[in-house]
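Note that the chains are named A, B, C and D in the order they appear, and that numbering of residues resets to 1 at the start of each chain.
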């Protein structure tokens, strides 16, 4: 698994018809779209995947179906972060049985937890995990920013990498430097705009929400970064900045990333835009705005237009 | 239920033998101790009850056994806060079946949630709740401080009260003032040291963790506050401040309230001191310190000594 | 000085005609009003006094004129908090020369400062201070919440008390307990609504902004608290809560406390409502709202009406 | 001035013999070192320059002497951020008289200030400024993170650029995008590790503290970024990461950046290591560690060794 931890690994949305029912055909379509876009792996049940909003039975069903659809074509990682060790281990075994390749673990997130308490927690659960695991640093949701020392100790306990979504640049560079000579540990970027630097300075790739909508764009940005093609990187990053403006900024909700990605996917006919409680999908006016904005983006950038056209060949 | 929402309602610990097993005899003993101490209600699966650390099956078993032991002698409230609406509703129905009287609900707590999103969430779930519900304002864990306007809207959606654990005094007084003429809405204090003011200015009582260890102390403080017996209040509050120093300050962990209450209960022979993952119980040296400190407290304050002695009559 | 550190000590506003000119007659009137209202001291150049917004020459002039008007009738404290030790010491000597009785010092507030760094800073400056000093805990402005250990060390360096404006109840009770047997150290409350508890549990009194507008109200609340007259305390606190609603909530600015107190004082004809840069006084519509609200308060509460009437005897 | 706003502009330290006295020969030496290192401008009295710790008379003297030593060889910017408009304007006029080229302004930083209040403040002071001004976004010290809309409004009020030290990558990219077609507005990076991306995506350069110690290193990194020489950028950034580790991490104080830069400069024989109150310079053991670490860095990287050798030619 470990050498496969690289490239663009979209944290996919969980397509839903309602609170209790998967949009199964939407899920199949999304997976085909991503794989045909060249993604290097798929991450299930992350923050963008609304993991914490779903019942355990729905999470289980989703992991099983997604793994079946993916069918070993790319590696699969499953987010099993939980406030309860029992819940985490249950989902870890579901993931193993479904054929996933790795787990992604953040700190328990209800009560504030210290660095030491988190390391002790990892000491307790890591021997019981049926699959390799990566860390997930996500302080805006978990209230805990993993120190480099904590990451180092987690590696000693078996962690094979970390996805950093802290948005803290100095921290990310420190991680890259700390593990630069350790090829058995992947440092993966969770901030879309920072993907090129991540790659240039030894990072393994990106788990970027926008790759749900435009997988090839991010794959191309990853490759251009690997190739040191600065001009191409600059052009593609411009597009990513426009996506930020045109797609993510339609709503000002704290949950707008999830809502806008799901809305964009529904506008593109890929899957349902339904968002699980406690949040909700876009309203009609916002959907229409999304339609207008995606059309504009496609007119401005031939790359996006082409990517969207690929959808025609996916049924 | 509504008129019963008053007095001291301990948020009881969940006595555990290990990650998966309840300390059933400890739970029975704790409940007898609390009821013989005169508490006015019991709150299951709050923050002190480690709700989020437990598997759903263990939560279910705990609610059922605790309700059976309590056997309608005092009203029972159950914390059903969850990141997932499905999980919340499942535990709500378990509570109803077990014979509980009310539910306690805080905001979903993984992704940051806005006031409006929380109100919308309540609009969706409140019609499906099988029991009356109270709000629980706990921003240090949920990252969301319920505005007075949000509390007002929640009342319109059926909330019968609020437990405030924000520690924000001005906010608490504003709540007391806002609902002072509405006898169908209870404002309950989650901060031990503020119980007397809470009662004096119209509050309904306190959900105070320390009442696990010294139920009568808090019941007496509640009554002295009701009676306006300032001298007695001052003396009892002095004791509570000493408890803060001698019992809660043995550890500096963020989880120390849970750990120290469980340790004190184990030192007193009431129930197991085991703390669920991701936290852990006190180490031997800390336990011995707890033993020494409780002895000291009992020597300093005859009230505490008497209260501990009551334990002899509980088997 | 030390035994005089008790009761109600209003943090007075700095009446201004414009950025550079004091409203001298307004200042004289305000001081007469406060002293006739029975206040136990006066605090110059605190947060409410806009100290940090004023030039040093204006601060100096203000201290000199205010001390002259007060003319030793009540003790005078001067806020000398500064980012620069030189600025702090300059204002300390101005205060001494003008006849003030004590200084009030918070931590330097531009760069975040640690507890140890602040204690070291106090070690350096305390021998150079020409007057006794109190601490001022104001984390919302200074980003530093003084630990009890820091306060203890400051006392060893000569501090004669602390004003706590953190709004953190558990902290305030810990301070009261820590220094309860030390009559040479005053613990003073900066939160209006908490004055009664402060007094009941050994606090020395309150530095409360609202006492600029209604000095007697706060003096009466202080006395009722000392006398243990709970009913009177409850009634007066109700009034203070209404003041919060009717006077402080007209604006939602972060600077609204200063703006609304100055506006109320101008509506009452006491002094100019001008607020120094970077903030600004109320607009016309807000002033009219203030007029209406003060009239309403005076009609609801005879105490306030009487207090306002006293103004007729002050020229 | 405006077209000169580019490249490496070190925020220079203020060399001090003690609280009240400049290390004048150290200042002269530092300026020669920086100019011979190829810097494109010099920034006086920033955060690294301890502006807020100094008396106004010392600030004035420093600006005058530094401008005299620089003698128009490179553009000079002066930080005039203040809690008081009067203090800000006084230093603005001092800067103009001394021959500086631009001012740098952050928000008043004692009371929390809103975006609107800051814009109103700029409306009031901008017509009175005798020199062009840049914004300085420094939320960790000022508690205020300037929104893009605020920056836009500031440009309309005359701002010619912004230095962003927020460390918030997505924000910085949004700024670059917002102003990419406006050549009269410079977006300058305050985070050392982000300089290359800043330059690649249209940023004007960096105000980087480390350039006090190794000016040529940063100038070279700036040029390599302009030239798109990715390999060189990667190598130089590796060095910057090592500087972070070896120089900035000797202390864990919040003031460690200032302390460590001053200590390094004193170890290199450039100027005094004295740090003004409320902070303090390194202790002997830390100084010795610094000496060892600088030697190590010079041995690892010939670039640094050469740069240090240049010092021999400066008297």
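Going forward, contacts are C-beta pairs under 8 Å (C-beta built on N, C-alpha and C of every residue); 3 or more make two chains touch, one makes a residue touch a chain.
No experiment lies behind these values; they were computed from the predicted model shown.
J.: Considering only chains that satisfy the touch condition with chain A, which of them also satisfy it with chain B?
T.: Output, common partners of chain A and chain B: nil, no chain qualifies.
J.: Starting from the mean Cα coordinates of chain A and chain D, work out the distance between those two points in Å.
T.: The answer is 37 Å.
J.: Per the centroid of Cα atoms for each chain, what is the distance between chain A and chain C, given in Å?
T.: Roughly 51 Å, centre to centre.
J.: Could you pull out the residues of chain C that touch at least 2 other chains?
T.: As it turns out, chain C has no residue touching two or more other chains.
J.: Which pairs of chains touch each other?
T.: A-B, A-D, B-C, C-D
J.: Which residues of chain C touch chain B once you look at their complex with the stated criterion?
T.: So the residues of chain C in touch with chain B come to 167-170, 173-174, 177, 191, 193-194, 196-197, 200-201, 228, 230, 234, 237-238, 241, 244-245.
J.: List the residues on chain C that touch chain D in their complex, please.
T.: Going by the criterion above, the answer is residues 19-20, 47, 52-56, 58, 83-87, 90, 107-114, 117-118, 120-121, 124-125, 140-143, 253-255, 258, 276-280.
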